[in-house]
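Take a look at the structures listed below.
Paired with chain B in one complex and with chain C in the other, chain A is shared by the two complexes that follow.
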Partner chain A sequence: MTHGLFEVTGRREYRGHVTGTRFEARMDVALQRAINRGDIRLIAEVEPSLEPGSYQLPTDWPPIAADAPAHTEGRREAPLLVEGGGK
Partner chain B sequence: MTFTKKTALHDRISIDGVDMSNAFDSFGFTSDDQDVDVSGFSVSGVDETLSGTRAEGFTGEVFITKETEALLWPLHKNRDIFEVAWQPDGLVDNTRTTYHALCQLRTFDPTAQRGQPYKTTATFKVADPNGITTS
Partner chain C sequence: MKSLWFVVPVNGRLGLAAICLRQLRRTCDALIAEGVAASAVVISSPGELDALRVARRFGFATVARDNDFLGRRFNDGIQLATDARHNPHPADYVVPCGSDDWVDHRLFLDLPPRDTIVGFQRISFVSEDAGEISTSFLGYRGGAGVRIIPRALVAELGYRPADEDRKRCCDTSILRNLSVHHGDALKVEHRHLHDRQIVDWKTPAVQLNSYREVTFQFNVSAIEDPFQELADVYPAEALEEMRAHYDSIRFGDRRMVAA
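Showing the complex of A and B:
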């Protein structure tokens, strides 16, 4: 488990969340200590993901070829040696 | 020009994510550079120094209660590294700067004195190379 939905069960705020509220966080040793102390409890495991339709690309993306940034490196397929040359 | 002077009454103090503001009646931090003497002979004879290693940590007076014991004693006993955060006036003004660092509670020495509230000095030593940072 990497992420979880937690509920604040202690009498004091936990990470700025008041008692009774829920928050999502990446699991770490500090959260495990808080669970052991009874400050929070794990409600559910969470798999971070982007739901289809919950995001939108910028209106100017993808850029048209003319506006694309120029390559600053040589083309990968450019030959390093020329046959018959070097004399 | 005037300064916005205030009485210290509403500081927000967080230990390992838990709001401990009401458990402390004083809090602060120190960031102390060691003086390294690089003096040579000179006409003035004045010492010439450079900054050496830096030691940082938070210190506060905390009331010993069953709640503070339950939080602080395991952190000390297990030598845990945990976040300490201090926001002066933060309980009433969340725009104030927060000072925070990953620390260890190296000493835990609660004592009782007859007729006095249970209190102790909590010293949190910074245990992370980033030191005390702000947000």
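Showing the complex of A and C:
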């Protein structure tokens, strides 16, 4: 389980969520402690994802010149950009 | 050809967002012309059909998602950009970007290795009345929210690196989660091209951080006439469009006062 749907059950808000509201979050030690304290409760295990039918890809993706996807990360070349601050 | 998607949540301020999306289209075209396959995904609530229509008009991807949590919106955009289960040509890099930002395309020509995030610590802000522009140095790790993030880094987090329940500070959340997951293997590199490399346009409408807040918080030097100041970097037509937008805000304000 990586994520859960939680409900705030304590009197005070939890991580900005007021009592009675629900939120999805990645499971971690802090959340487990909050469950143990009774501040929140786990409603369900969830896998957050794009919702089916909620999205559309770009009309021209990939661009014609990019038909062969490289998926290779950048090489170290002579830097175009200068590191650090200052104009 | 390496590929990159900008990830742009839109919430209200459609007039400003439309101008910035048009400029982002120019940015993508400039990148394509120089050998980087570039596009964007716009995330907006199902009720904001105009925002989604504008995004489609510029050829961008769209995601309809409620506005409850900004983190979830960023995650949706990053996932659509990089997850092959949803995108048959996933992008090699994502760049979170505000719907009120302009970026110089040359920032994205030299793309980093798979273990490195590129951040930018100098950003310019334009005041709500477009009367001045200032440059801030964001001295913390990662700098501004506009960052180049390799696909390889987000893959192990299910292509959703932000806290799902974040309402703000999503850039911090993304960097923290990636740092926790990858440990010392994650590198952050800061680059600087020029002071106007990223421009954040403030408007009187609702926004997370006002001009006064950002200029109070960081070391700034303000200059009058942003449009003249930006003329060497951004297209004249984009600047004219933005000037007209701010004029319309001023005109609207005067009408309200007169009424």
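Criterion: the second predicted complex is superposed on the first by the 63 of 87 C-alpha atoms of A that agree within 3 Å, B and C clash if a C-alpha of one lies under 4 Å from a C-alpha of the other, contacts with A are read in each partner's own complex, and residues count from 1 in each chain.
As a working rule, a contact is a pair of C-beta atoms (placed from the backbone, for glycine too) under 8 Å apart; a residue touches a chain by one contact, two chains touch by 3 or more.
Given the structure is predicted, the values throughout are model-derived calculations rather than measurements.
Peer 1: Thinking of the overlay built on chain A, is A:D39 touched by chain B (first), by chain C (second), by both, or by neither?
Peer 2: first
Peer 1: Once the two complexes are aligned on chain A, which partner has more residues of chain A within touching range, chain B or chain C?
Peer 2: Residues of chain A touched, chain B against chain C: more for C.
Peer 1: Look at A:A30 in the shared chain and tell me whether it touches chain B only, chain C only, both, or neither; answer first, second, both or neither.
Peer 2: first
Peer 1: Applying the touch criterion given at the start, work out whether A:G20 contacts chain B, chain C, both or neither, answering first, second, both or neither.
Peer 2: neither
Peer 1: For A:T59, using the defined touch cut-off, is the partner it touches chain B, chain C, both, or neither? Pick first, second, both or neither.
Peer 2: In the superposed model, A:T59 contacts chain C only, not chain B.
Peer 1: State which residues of chain A lie in both footprints, the one left by chain B and the one left by chain C.
Peer 2: In chain A, residues 15 are touched by chain B and also by chain C.
Peer 1: Enumerate the contact residues on chain C facing chain A in the complex.
Peer 2: Going by the criterion above, the answer is residues 1-3, 32, 35, 37-41, 56, 59-65, 69, 72, 75-76, 79-80, 83, 86-87, 89-90, 92, 106-107, 109-114, 121-122, 137, 150-152, 158, 160, 163-165, 167, 177, 189-195.
Peer 1: Note which residues of chain A are touching chain C in the complex, please.
Peer 2: For this pair, the touching residues of chain A are 2-3, 15-17, 23-26, 47-51, 54-63, 65-66, 68-77, 79-87.
Peer 1: Residues of chain A touching chain B in their complex?
Peer 2: By the definition above, chain A touches chain B via 10-15, 29-31, 33-34, 37, 39.
Peer 1: Which residues of chain B touch chain A in the complex?
Peer 2: 14, 16-20, 67, 70-71, 74-75, 80, 82-83
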